[in-house]
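The following pair of complexes shares a single chain, chain A, combined with chain B in the former and chain C in the latter.
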Partner chain A sequence: MNVWAIAVNTFREAVRDKILYLLVVFGILLIVVSRAIGWISYGGEHKIMTDLGLFAIWLFVALISIFIGTQMIYKEIDKRTLYTILSKPIDRWEFVLGKYLGLLLTTAMILVLLSSVFLAYLYLMGAPLTGAIFQALLLTLLEMVVVTALAIFFSSASTPVLSAVFTFMLFGMGQLTKWIVDLGAQVQGQAPWAKLFLKLFYYLMPNLHNFNVRQEAVQAAGRGEGWAVSADQTFSIAVYAFSYAAAVLLAAVLIFRRRNF
Partner chain B sequence: MEAPAEQAADLKQVYDAYQMQEIRERAAQVERMAFAQELGDWGYVLYFALFALGAALLVGWAFWPRHRVLTLRGWADSSALPAGVPAFERAHAGCAAAMLLLVLCAISHQRGIDSERGFIEDRWVRMDRDLREAERRGPQAVEEVVKSHYLYLPEGDALHYLFLGNDSLAADAVWLTSLQYVSSPFRRGQKFEMMYRFYETVLDLDPRWVTIHARAGKLLSAIDPDRYRAERFFMRSIAANPEDWVLPMEAGRLFVVPPERPSLLRDYSTRSANYFETALRRESLPAEMRVSLKDMVARLRSEGEDYDIAAQYLWEVASNRENPKPLRDSASRAWLQAESLLRVQRVRERLEAFRKSVGQAPPKLGALFDRPEYDLADAYGYPIALDPKSGEPYSDGYRCQRALQASTVIQTLIAIYRRERGHFPPDLNDLTLWVRAYFKPPNHATFPMLEALGEELDCATNPMGGTWDYKPDTGTIELPPRASANRLFANVDMALDGQPPSFFR
Partner chain C sequence: MAISTGTAVINEPALRIEGLRMVYNPGLFQRSKLAVDGLDLEVPKGSIYGFLGQNGAGKTTSIKILVGLQAPTAGRAWIFGSDIRDSACRKRVGFMPENPYFYEYLTAWETLEFYGRLSGMSGPQRRRRGDYLLERFGLGETRNVPMRDFSKGMRQRLGLAQAIMHEPPLVILDEPMSGLDPLGRRDIRNEILALRDAGCTVFFSSHVLPDVADICDRVCIIHQGRKVAEGRLNKLLGQRVLEVELSASGVPPEGLPEAAKLARRAWHDGELYRMLLDDDEKARKAKQLIEASGGELRSLVPHYESLEEYFVRVTRDGEIANLGGRTEPIGESTPQPGGKEAKA
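Presenting the complex of A and B:
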């Protein structure tokens, strides 16, 4: 009950943030402009539109998660409202979880809004619309489950600027974690332990490339196929997202419990 | 005729000269446009007007009486001014003057920076300037200057990281960038390697973007007349898309247009047929395209001298009653040709084997076969005999068909000759000389002409042997009855129904 109350309050506060509207406007602008970029192409106009639209939604929703999430807890501390909240019979884990769910709700709402604009635009422009596109959007939402958790984690431990930097770094590295495994294979000859270490590092990092099925979705939509990846794989990805986010949130709770204000 | 290597070298020089000239013209055009713009540019008038205003304000500020303000009704004392009356003080004038002059200073410096670095259009001016300097140092220096104006294109792997794993978007960006270079005069005649690199990067990033790979292959073939170079790209893209039919289809189309040199025809036809057969094997190929594609493969195999495969396919197309009649008729005539040539090939093989084993030719060709009335008859029903000059077997029916085809072409040429000269050619040797002179570049001989008359465009030689029966009064060629279409194709249905293709035996 407390968690839900905090979540709703966080949601209400987040939707009043001006950054949100700015990012939403730019996201919609990029979706609309994708048609113009398709015009200068010799072939593949719908594919370019779909690529750019999915990319815009992914990027702007991630930016919203990061910008709002990394200052969420710090703002409460700075405004001293945290003391009021924690003086009530609310556990710290409830506070962290409430904040997380509120931000996730905000992110989901923005994603639904941008997706509606995107899908309507695709429909009007005659681009192919199949289940694969919806699947890509769903996986983007699952990616934000993890990214939001990371943002809350760093927000509970550090200042907004550092939190944003660390979250961005992990967000970027998370897209390229396959490189870590490749690197391990390349240096194995010189340092055999490096491969094991890098593999461990790979499993500890958030592998956000798992959620990137945009290319498969666009190709599947172009062929008129319904799905980008199989249902089994989608389920595995969802389980990975929730497991990883839960672990990160637990770490955030542990840090938050030990903090003195 | 010039050898292709010399032709290519000449073309390259022309393109080099054209490119330099075009860059210079473009640079001059940009300079003219800029100069004309500056002359009529009201921005200059406005600039100096604002400068004058700023200077006037500055002077005014310097001489502005203290404790005096300027209102709409004139000068007033600041202490005696009622509240709410708009008034301009000395500080306002100073601020306005400073802001105006500082902004104008920034604008003038910006123009200086722009004139040095230039806008996108100015790159032609810069390139022209760099090329003129490099020309003094030699062709190597010119090549270095041209290369330095390349946009640096990272490898596909690097772009994967730069775009944070959004390979599809990175492929879009590279494709869109490549289009700017295709249409520009930049390195015209020399841009194949550059465009190949772009398209290879797109292929690395998004191997399944079949539509674009097909277009890229077409663009490469348009940039460079050497089709083997464009084929390399198609081979890579086909390997990356093992279920797709579009790419092998486009690769086949690359070689389906006959080459300028007829000696390359066999290789072109074989390659084209190989690719089309690859497309035929793809399950995704639409059913309605299979029959026509099979027919095309058959004809290409025939051009490539793979007569057994050609005969098989053509027989399948011609004998299938579900196919449209025009297609069956066309396939049946092509089958007659392919089947006849196949039989001649088998006779030649048997003859060579005999010559090798015995050391001489047989007294009669019929002695080599158990059923000479069948084995020494071509698909038209005409005899297969030995050419007295070459000693090689030939199909009389095939020669008659070629004569029929050649006579049609020669009649057309006679009509053109008459239109040009006002009379019929006195003989076919004269016609031959005229055709050779007339069909030189830029008037190239068409492929049907080359196929009918040979590379030498010889109108005088009759494929049936000897010379044509030419009537100079009427400008017509008379063919013997056995070379008439009615006679040649009279037995085609019977041949298709009653006589299966040779390999079924």
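Presenting the complex of A and C:
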């Protein structure tokens, strides 16, 4: 009940901030501009439009959720709105979880908004529209389940600037986790400690690379296929997203519970 | 004997603090700071309790501990017998921080609705209470106005409204009159009195001493994190007579000089003879001399220390050590409305 009240309030506060719409409009512009890039390419216009559109949505949704999320809890402390909330009969974990769900709800709304524009645009342009594209968008949302948890984690412990730096670092490194595995395979047998370190690093880092099925979706849509990756794989990715986010949020709660305001 | 009700104890005071201590450790290479040093306190039910101290005395830190914003280094506190570490005990507390801040994009109504929800109120309860409070605090016209357009006085009123939204039996206010104009201060003062009249206990910090003197039943003064005085206001201030004012009529010329010798100052205001005397003993002697000479005593009024004078004395004038945390036992007699008794 308390978690939901905080989540709804966070969502309401976020969607009334005009800066958000400026970013959304900018995202829509980028989707539309992808058509122009399609024109200057030789052949495969629809593929490029779809590819760039999915990329623009992913980038903007990630930027917005990191931008809002890394300020979220710090702003509550800085503006002291937190005083009247934590003095009510609520537990701190409810506050952290409520802020997270509110941010996730905001992120989902932006994703739905941008996706609607994107899909309508693809439809109008006569590009192939299959379930694979929806799947890529769904996995973007699942990726944001992890990214928003990271943003909330850093926001509960640090300033917005540092939180943004750390979240972007993890967001960036999370895209490169596949390379860590490849690197680990190369050092095998030569330096066992390095392999162990890379393995540990791999498991600690958010494996965001797995959420990126945009290329596969564009190929599958081109072939008229309904799936970019299998349903089992999608399910596994979803389980990973929620498990990783739960672990990060648990750490955020443990830090937040110890803080004095 | 206290009666247990499962979660709380009926005969417990509204608020009890034992050995509360708070030390801030800012980090490596920085000195730790003692903010609250072994604070003991009991706030009786149904009273208006003033928590006084200079800036940085430890008032806000103590209050933040009580409402769950900070964890103490040591010590414990109970609200109606429930340990403050249990978040459920805050169902019985309403809190208004100093200069309350709210979400800028929420309207006044949404703000109250939100806090009502957090306090566990049902939908109909929130609607009924929210409407009532907005009208009561003169915010009915602005119910759909976002908080960013609210003035300081309006925010303060809404701050109080959110604190009492769920009708808590204990209300804790941190500097509720801070930065308000005289009308705003009067409104808040009247609301505090109305809350007490409705059976609520009000615990508030302030350094606006005339406001405290006007409405408090009991006060606690803390200085450098330590309690230096505590008790019923009329008892604390009634212990030290600063001077006695005597007025008399029909005093023959030969009777006056003797009595006037005892006075710090003596004069005739055109109707009565008046004198200011240092203490009760001199006043008694002057009274005897005037009556013996055939004069008539019209009044004998002792002037007690004001709260401000008392505050300065216990916090600055070196009497802290002598007082050693002077306290006066709680609760044998019912506090007087407005915290005042006839002093003459």
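Here is the rule we go by: the second predicted complex is superposed on the first by the 256 of 261 C-alpha atoms of A that agree within 3 Å, B and C clash if a C-alpha of one lies under 4 Å from a C-alpha of the other, contacts with A are read in each partner's own complex, and residues count from 1 in each chain.
By definition in this document, a contact is a pair of C-beta atoms (placed from the backbone, for glycine too) under 8 Å apart; a residue touches a chain by one contact, two chains touch by 3 or more.
It should be emphasised that the depicted structure is a prediction, and the values quoted were computed from it without experimental measurement.
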After the superposition on A, what does A:F235 contact: first (chain B), second (chain C), both or neither?
neither
Could you tell me if A:R80 is touching chain B, chain C, both of them or neither one (first, second, both, neither)?
second
Based on the superposed arrangement, let me know which partner A:Y123 touches: chain B (first), chain C (second), both, or neither?
neither
Quick check for you: in the superposed arrangement, does A:Q215 touch first (chain B), second (chain C), both or neither?
first
Which superposed partner A:Y21 touches (first chain B, second chain C, both, neither)
neither
Using the touch definition from the top, say if A:R12 reaches chain B (first), chain C (second), both or neither.
second
Touching chain B in the complex: which residues of chain A?
37, 40-44, 47-48, 51-52, 55, 172, 175-176, 179, 209, 212, 214-215, 218-219, 222
In the complex, chain A residues that touch chain C
1-2, 5-6, 9, 12-13, 16-17, 79-91, 258, 260-261
Can you name the residues of chain B that touch chain A in the complex?
160-161, 164-169, 172, 175-176, 179, 206, 208-209, 211-212, 215
In the complex, go through chain C and note every residue touching chain A.
24, 64, 67-71, 87-91, 93, 95-97, 99-106, 110, 114-115, 117-120, 159, 162-163
